[in-house]
């Protein structure tokens, strides 16, 4: 078993707020992340696939293939977008890094053609990141 | 003469478009940066001050002081904000990295208490950055 | 289960030596890390908390809260300090990265208000780091 | 149990191709990685050892010792080399990151004098990396 | 005047040797960089263009355009190649970082459609880099 | 003219205080940097040499030679040392990054065998750095 990781980046905006909260509650819980105009990040996404290297190729998964899957399924839908408004698969979800990572897992998990999706790591800033392993 | 640099970060959203352009022109010029919902970045700001180190202190400028000036004059106004809508000093300006850097220079240049502002470097993504030296 | 990580930095000095060793033994074991004047590092601390995101918030733990806990319990006590002399909770401990990480775990583990402390990662230099998971 | 990691770098060239494939198959599978002239990378190698810190030393393993082992067993054999031609222990192996990481594990695992080898992480580019844990 | 920088990466192999030197001279001058099998790097290329931001666009140069020029003129010719054998514009040149940077300048300088090429920075490893400004 | 840069790191401790100041003045000016026990950093040193690449070598200066000079003249004297007490050439100097950079310049400038020393850049933390060019 070897773990293979592909790193990508995308730039998006979001606003953290719960529509069932009052403005005061949103400000109390999400602080400046609830500013009405929103804000944004250069997200760093790391997708890890676990598997056996092929005897013929030495690859767990061809990273060119994984790169194309991540581009088509994720990056084309979130890069240079507003995560609250422009992304169908995030509708109705508070776009915290935790929730975005889980949404990415749900999308990518059935699309991995070789090996198994092992982890989604999403870095929101150089100091804040999350990881989801489907547990 | 020594050059002293303080690095800071802020997260903001913006949209690149010229209100005097048609939607088609904006899309042609600014491509996905003109998406109506906007997008965002983790900006990295480097402020460089040039001067002689003080004989008593060994400091060109106390970086704690420079940090406070950058926080008060810049970061408190742009961090977790939408640069097109929430920032008074960017009103009417297309918020490209070039224009933001120049606006930061105009604000900071008269506020530096020791030495002289030498450069504003603004990184928008890990691949794109600009520098302005007041020339 | 999602893993949420907060990264912080602090600058401190230390000296590696065992008071029960002779000077020769200390030099043999700890080499230049045993230099009597000590030396220092910019430590990078990563604290990982594991848990379920809240349905109302999308947060495993509010990273602003985690940041404040790390600041109060750790950074305020070690930043710009000498780890052998100035830090009560390191008294009598050889301040290797291993021992520091374990001491941080003991302090933080009971203070995490949501989720569970999962890992302490401490980077001493760009080439040397340790991780402790309470095992 | 604490996990201690030593990071090193080396610069090497390689070419990905399977001698049992035709040129067309190699180009189809390995794309530009199969270019006949080869290409190269600045590899980043992270070796993680797990164990209990010594009571007398606070070390799981002295990182100076681990550094020397990595230098002697790995870096001296691969740095500034062509991985397909110059490295005895890679003969007959397609030098993908997966296969290189596994080969490094086989060499290092019996050489670790304290604790147990826990993981080999090998970064080929800033976007592509693999990890092997002996599973 | 604002300086705009686009960062790219490419992976290539090379061998440093002077065909007019003996093997001994090459080994003495270039040491392990002269190993016959060659070696390789993940090069980081930073291209800086200086100019006035356009009033209509806020751009010194559209970085999407600059990216395409760098891709077509440079990256497509050197990425995943052997710099001694596969690159027409490096024929007969010892491919040190200095010489590569100067060759890139000669190619890019006449191709910049807005502003003026200001600097080529080429990083060969995390510790070694060169910069050329056409002086 | 090409600019060649060699990056190195060293770990050292220091304390900022002026012996001609009272304790109160030192605390007012240097804040936590004046803590009596001192603190430390992983310094990053970048040394830039400017010159013409040799026709026979393609080198402005052989970076292996520059590396050895930096090691012998600087790193062996400051790495794992206390900058206030252990370093002869810093005696009587407040060891701010500004003063250290200038001291390194004085030492290195006459030792560069090819080309001319162009800049000393010293990073004290990821957010604070200085540069000296002999002006």
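Every chain is named by a letter (A, B, C, D, E and F) in the order it is written, and numbering of its residues begins at 1.
Everything below uses one rule, namely that a contact is a pair of C-beta atoms (placed from the backbone, for glycine too) under 8 Å apart; a residue touches a chain by one contact, two chains touch by 3 or more.
Because the structure is predicted, anything quoted here is derived from the model rather than measured.
Listed here as common contacts of chain D and chain E: no chain. With rounding to the nearest 5, the Cα superposition of chain A on chain D corresponds to a rotation angle of 120 degrees.
Relative to chain E, the most remote chain by averaged C-alpha coordinates is C.
Here the CA centre of chain C is 28 Å from the CA centre of chain F. For the pair chain C and chain E, the distance between C-alpha centroids works out to 41 Å.
Chain F has its Cα centroid 33 Å from the Cα centroid of chain D. Multi-chain contact residues, meaning those touching two or more other chains, occur in chain A at positions 126. Pairwise, the chains that touch each other are A-B, A-C, A-D, B-E, B-F, C-D, C-F, D-E, E-F. On chain C, the positions that touch chain D within their shared complex are 16, 18, 20-21, 29-31, 93-99, 101-102, 126-133, 135.
Within the complex formed with chain A, the residues of chain C that make contact are 1-8, 53, 56-60, 62-64. On the chain B side of its complex with chain A, the touching residues are 9, 11-14, 32-33, 35, 37-42, 79-82, 85-86, 125-126.
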